[in-house]
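Structure first, commentary second.
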Amino acid sequence: MAEGHQKSSMSYKDVNEDIYGIITRSGIGYYIICGLFGAGAAVLFILPWAYQIYVGQGVSGLNVPVFWGIYLVNFVFWVGVAHAGTLISAMLFITQTPWRRAISRGAETMTFFALMLVTLFIFIHMGRPWNFYWTFPYPTQRQLWTNFISPLTFDVFAIGTYTTSSIVFLYFGLVPDLAALSHTASGWRKKLYEFLSFGWRGTDAQWYTQNKACMFFSAFIMPLVVSVHSVVSWDFALSLVPGYSKTVFAPYFVTGALLSGFAGVLLMLSIMREAYPVMKKYVTDYHYDRIGLFVLVLSLMWSYLTLMEVVTGLYANTSQEIEHLKFKLATPPYMQLFILMIFCNTVLPLVYIVRKVRGSVFGRFVVPVLVLVGMWLERYLIIPNSLSRKFLPWMWQDYAPTWVEISISLGTLMMFISMFMMFVKVFPIIALFEVKEDIGVPMKNRKHH
Amino acid sequence: MATNSVLAVFDHVDTLLEAAHRCKASGWGFQIISPIPLGHEIEHEFGPRKNWLRWFTGFGAINGFIFGWVVAFGLSVLYILPRGGKPILAATPTLLVSYETTILFGVLWTLFGFFVLCRMPVISKKPFHPRIAVDGFGLLVEGVREDNIPLVEKILKEHGAGEIERIES
Amino acid sequence: MSIFSKVKDRLEDLRRPGYFKKYDHKFTMVIDLDRCNGCGACVSACYAENNLPVVGKEECGKSRALNWIRIERYVEGEYPDVKVKFIPVMCQHCSKAPCETACPVYATYHNQDGLNVQVYNRCVGTFTCATYCPYDARRFNWFTYKREKPLDQQYNPDVTVREMGIMEKGTFCIQRIRAAKDRAKDEKRALKDGDVTPACAQACPTGAMVFGDLNDPESRVSKLAKSPRRFRLLEELNTDPSVIYLKRVMKDGRGTSEE
Amino acid sequence: MKRRDFLKYIGIGGAGTGLGYLFGKVTQSPGNKLIPYLIPPEDIIPGVGAYYATFCTECSAGCGILVKVMDGRARKIEGNPRHPVNKGKLCMRGQAGVQGLYNPDRIKAPMKRSGERGTGQFVEISWDDAVSTLAKNLTELNKKPEQLYLLTSDMRRRGHQHTVASSFMSGFGSPNIIRHDLLGPGNLEFANHASMGLSAIPHYDIENTRYLLSFGADFSSAWLSPVSYGHAYGQMRQGGNGRGKLVQVEPRMSLTGANADEWVAARPGTEGVLSLSIAYAIIEKGLSRAGDAGSWRSALGAYRPSEAAKTVDVSEERIYSLAKEFAQARPSLAISGGNLEGYENGPSCHMAVSVLNHVAGNIGIKGGVIPSPEALASAPHPMTGPKNSLSRFAADAEAGRIKTLIVSGSNPVFTAPKAAKVEDALAKIPFIASFSSYIDETTAYADIILPPHHPLEDWGDEFSEPGAGFAPATVMQPVVSPLYDTKGLGDIFIMVGKAVGGKTAARMPSAEFKDYLRGSWKEMYAKNRAMAAGAPTFDEFWIRTLSEGGWWGAESVKPRCAAVSVHAVKEHLSKSVAAEFEGDEKAYPFYLMLYPQAAMRDGSGALSPWLQEMPDPMTSVVWGSWVEINGKTAASLGISEGDVVSIESPFGKITAQAYLAPGIRPDTIAVPIGQGHRQYGRYAKDRGANPIEILPFKENPKTGQIAVNSTRVKVTKIGNGRLVKQEGAARELGRDIVKTMTPAEFERIKG
Amino acid sequence: MLNIKAIIYVAAGVVVFGAAFGIGYALNTYYSPDLDPVQPINFSHKIHAGDNKIPCIYCHIYADRSRVSGVPNVQRCMGCHKIIKTDSPEIIKLTGYWERKEPIAWVKVHNLPDHVGFTHKRHIKAGLDCKLCHGDVASMSRVKRVSSLQMGWCLNCHEKREVVNGKDCWTCHQ
């Protein structure tokens, strides 16, 4: 059943012990690293953000035509990273692809934390973040609601829905595992597991319902994934700005999101495997093989759409588009960044054509990192850059991020890592029951068909 | 009529299913408690099943769709502020909103349905054996008359059950 | 039947673009570029009237000056055949404004006077309106700007002093429009042409700026707006601006010979 | 429930209540105090604005203004629609007047020097101390009263404030009134007097002219009366009787040049030559309207276009075409100012333009040069005294002939070249009193400061140059109560005069300046029949005047006649009309053109943050100074925009940032005047460079004007930088943003 | 199994906290000292407007001409109290202010934020009774705020009275 798996020799008991071991058994070094990242997040993110809220958005490098800087870049980037997780779970669940099982939890967790950063970046980029709740439709004495034709309201709904669904999806998978581990665990973990599993036992009816629910979720989340990132792209495409107003944006953003998401999953798995050698039993070369193929295919799709983005601009041939493209493609340092982006996202993933590379250290670490960098650059080259060359040349201005923006970006990345590391210490990062399923149903007499 | 239940833990699924067949034939109710989903095997053995979850989901989705339209249209009319020369009741953006609310409500109602159908959260203590959390497969035989308990235990033993527990109701 | 038709009417109303059948007023400014000499009096008047903060050299260097109206200068040709064109650009009060659709909290919308208004205390600062604005007319309060004492005594009490995190833009001196309406109401009459003059138009030495109600066929703007020299900034974007420019007459001017 | 749990809930409840209360507190607006008036001022309704009429003192144009006062504070300055000069309009400089009033660096009380001279360190003293110190010092001069000097400005030399100052000086017995003004129209006045016999600046009827040929006169930003001319310019373009054409002759494209239909980049200093060659061409083609064309032809023989073309760097054909257009358009008008005013031989240049006007028959006609009517009878005489001799002042100080100096309204340390050695002169003077509202560079040398009211708090009057058909008399009245412990300028002279006693006290008005002003107006009212029209009593007239802002002639007064005769100008045109420049052409390859901006003018605008942030119309630079260099020249020197360059003349060196201007001659660089203050408040101090410093000290002996365009410089790049300006890109890139049409098409659509 | 007790306790805690929060908020909003602050002089509207039937506009003289109604100046108070009840302790306080030439710093009861452009003039001219917003001041010995002065409260009235453009933001906001 499980292609390429050498797990049939494992017993259910091993699985339980391995996974609970990941949660509990870590050296002090792990906690120190996690703590360092946490402290880094506090220093690089919390303090500058507090400073920004106190002093004003002026501490960022934004200026009059370039009102959207790297906060929005990060926002879009993290939405992208968030995409792979649920999509891997959902799409591969519907198709019942077995290699999904070992990696789905990790991917979903990544989605969850990425979405946290997405929400965070919306608040960070606001001028008056303390009034963020005005963007939600809720009844107040003011009698005023929200503007339902604003792309930002679509965002509120899309990202709100996506966050909720991702949490629910993650939780669904967790329930049986938590119930199972609550019998092994002790102390506060036991209490937490017992509380969160709400008395799950694993009766036939429960499993049936759980399976059905996952199926429905998958059916919901597939269109949701597409809609979320296209809605994010509408934030830009629904404007008039040259460089923003493009019909190609929805597929372009979705493809890019998946590309960065898969690269993120790849990187995350590689790092986890290094941190927990026991995971090598579960995440094998076969996984790298499959994900690598995904990255390759998505990179080709992305490259095509990038080409089309430029070509549509050239075909339009308006002064606005031409100037925008000139600025993006032929002005240093953006020209160099563009070349770097093409190298990272188009040229580099081609190495995945070679099967061996997919499982190599280069393929596991270097390529995904560079793909992520390339995808970040893609957003950078779209968002602030287009605003630098709007309609009235008199107002053309360049944009350069300040230390606050860079620090907040790095700090949030650190926060992501430290939160992920903490999550691993609390919840099983490999889906217990799914791995057991992978091993197969124990039979005494008859062979499993 | 005092009824009692028996929980037996099996090592193998096929033996468990055989035991379950016997119980079914004897007219006793049974539940299979397992660490992994056995839907495929059970359906193969006892035929396809259905439950109410789809209705929850469907209800949620339809509700969400309607909610999206009501919210976007209704709230626009409550406080009329024209913007961008677009109509107050604009259909396209509303479709986008209701698309999301359809999914949101569908998901939330599915979650609700999941809890309802799984009888969660559990209020009272339910029969369970710690081995099931690891690698045991439990067969909970229910609706057994008290005097039939030894018979049940015997049948389960025959099919290779490991631990057997009587459960007082 | 009557209820049904009423509802139907109402629905049709609500489906009508922009909703209002006819605006109470359609305040419009006509700027004659052939008169405008780019002296900058309007910019200064706007600072005085609307409590615009002075941001200082460093912030100006980051392109963060809070000028609601600016004079753009475009140069054509090289020495010695240099041609210069001035154009004052402020919020164009588009009837089909991209910024209005962008705001999620209704901080900017269109009102009955045909104005694109910005409600400062509702703004949460998402920047969307500003990025969508093709005229770059919107300005942002990057910080809480304070005037040094006693310069703060000059603040116009009719205009709020904006705090940080708020988007703002030209208003056609809406406080003057309100005051004029207030006066008209006191005198029990309708608003008439010349009742309202924004600070920029009032100061303009060359008389290039004329302000009035386009709904009133007798107003000066209605007459000027019929001029064959009329054009609107970036008209091809179909934002339907309420600021109408009159073409500059130049030796090497581009003709509209296509017509 | 256990007791402990209960206590827990009490705790939770308590915390919740507390937080809720706090939340409520935070979300509520804090209550503040309501402080009513003790005794309400009669004419103030809180929350409702009142308008008070007065006039603008930011430049010498004398525009009428209305100040919006709300809750006792001056909120905004607007043009007075009734005033004939500005017709309700106002320039940026006038708008910023309130920033002078509320400037944080205003002097709040009389002050005494506490540090070294020139450092600007002072301590506050009382008015009694200040006045008695000055009076004591003056009494010591009793034997030699001519050792008292008054250093004042040409601006507002016509009102009663200055009458008081003059009587103070004459009462004391000193004839030494030094008037210094960098941008005053002294050369133009002199030239007009010499050529056309006019004692005042005539009315240039831009509004009605059909062809305006401007020789350097940047009337859109800083020449004479920008608002009045701005209005006229608008009317000329689209006023309804045909579109007038504007041709600007100047080496650096000014704001007016930018608006011109044609920009003629004549070689610096040769505008006069061009003017005369156009005049010659007109006569040559028989288009002259002057009766004495023949005599002019011979007088102008040296200015044949064929010969002048090379000097002027304008092609012969162009001179002829300009001549043809100028002579054929009726009415046409030639004006001169700006650069011409700044040349060493400015009067000759101006006269050359008068000749052109004469030859084309533009003097005394509608749409031409209209000589002013007689000024109002019994209006105060303009201040007299030795005209503008800063060189004499410096020499006298050097020789120790100045014992006491009173500075009022002039700042020669900033506005005179280093070569004039004003600072050395001031250092030699034992006692300096300054009547200034701000610590400017000259006041920093003072021993004692007696701060006058800001003009918005003060009484005064103004008799601007009479235009065609009106002779305005405008009243300045306090629109707000004084902010600080200051006194009216007139009152300070009266106080000091009375404290000095003797003849000085006798010449001073007995009452306060306010009453003196009213008395003088009563006298004027009695002598001018026209003023009495519509106001049978003086009280009625006075109230009307105060509410309307002034009085302007209701009757149209016949302008005087004027013509230019060969005889009158011969002497001045006998020498070369082309200006001389200091410095060797090889070592100093560029002409240096200094020009005033609308915002800063002679640097007095630098204290206003609004004006600092107002982008210069031609470069969009804010908060600093720059040097305009032609793009090609800059490229050949390896200079790109924003680079720090040093500008070196034979007399000094400054550094500024380069702006690559499209509209400037390759052999010319231009620097704006106004920045580079060493004192003058927080907004002006240490900002940009003061180009006046590197000028040679060339004072026209007849007019006293300091020549600001009189040297050559060399430019070297010394560093990189970024210029703070507002423009992103100033080219349209084929987008056709500002749509235009051709004059031919305009004529077609009109017909 | 699952700790049901814990769930119940947490839920109860949340409920208690929420309720207490609400109570605290309400306490602040409706019974805060801001609502009926202690004034420097214990001025009684009940005596002036109630018992003696002095019309509001007699003291609040700008109400029909300006956006502000105008707190009476000390001179106006003294106009009457030079003669009337000069020996009452509160009037002695008033006389003290007058003699020290010091304005009385009343505490604002009806306070609006800067961005609200409320104008008394229009409301008085529309024929509204002062009571409508200020409550029956004539029966209060110390003035208390009876209306919330919140946006919804304004809007309700505007809607009810069908004010022209009454729901346009810029009618009230500035």
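The letters A, B, C, D and E name the chains in turn, as written, and every chain counts its residues from 1.
One rule holds in what follows: a contact is a pair of C-beta atoms (placed from the backbone, for glycine too) under 8 Å apart; a residue touches a chain by one contact, two chains touch by 3 or more.
Small disclaimer: the values here were computed from a predicted structure and weren't measured.
Novice: Under the document's definition of touching, what chains do chain D and chain E have as common neighbours?
Specialist: Both-contact set = A, C.
Novice: So which chain is the furthest away from chain C, centre to centre on CA atoms?
Specialist: Ranked by distance of C-alpha centres from chain C, the top chain is B.
Novice: Farthest chain from chain A, going by the mean of C-alpha atoms per chain?
Specialist: Chain centre farthest from chain A's centre: D.
Novice: What pair of chains has the most C-beta pairs in contact?
Specialist: Looking across every pairing, the one with the most contacts is C-D.
Novice: Report the chain ID whose CA centroid sits closest to the centroid of the full protein CA set.
Specialist: C
Novice: Centroid from C-alpha atoms only, then distance chain C to chain D, rounded to Å. What do you get?
Specialist: Going by mean C-alpha positions, chain C sits 31 Å from chain D.
Novice: If you average the CA atoms of chain A and of chain E, how far apart do the two points sit, in angstrom?
Specialist: That pair's centroid distance is 53 Å.
Novice: Take the average of all CA coordinates in chain B, do the same for chain D, and state the distance between these two points in whole angstrom.
Specialist: 87
Novice: Taking the mean of the CA coordinates per chain, how far is chain C from chain E in Å?
Specialist: 37
Novice: For chain C, give me the residues that contact two or more of the other chains.
Specialist: Only 63, 65, 70, 72-74, 98, 101, 103, 106, 109, 122, 234 qualify.
Novice: Using the touch rule from the top of the page, what residues of chain D touch 2 or more other chains?
Specialist: In chain D, the residues touching two or more other chains are 47, 726-728, 730-732, 737.
Novice: Counting only residues that touch at least two other chains, what does the list for chain B look like?
Specialist: 76, 79-81, 83-84, 86, 121-122, 126, 128 - these are the residues of chain B that touch more than one other chain.
Novice: Taking the touch rule as given, give the residues of chain B at its contact with chain C in the complex, in rising order.
Specialist: Touching chain C: residues 76-77, 79-89 of chain B.
Novice: Could you pull out which chain C residues touch chain B in their complex?
Specialist: Against chain B, chain C makes touches at 11, 14-20, 94-101, 103, 106, 108-110, 240.
Novice: Can you name the residues of chain E that touch chain C in the complex?
Specialist: 113-115, 117, 119, 121-122, 125, 165, 168-171, 173-174
Novice: Mind pulling up the chain A residues that touch chain E in the complex?
Specialist: Its residues touching chain E are 140-143, 191, 194-195, 197-199.
Novice: Inside the complex, what are the residues of chain A that reach chain D?
Specialist: Against chain D, chain A makes touches at 65, 319-320, 323, 391-397.
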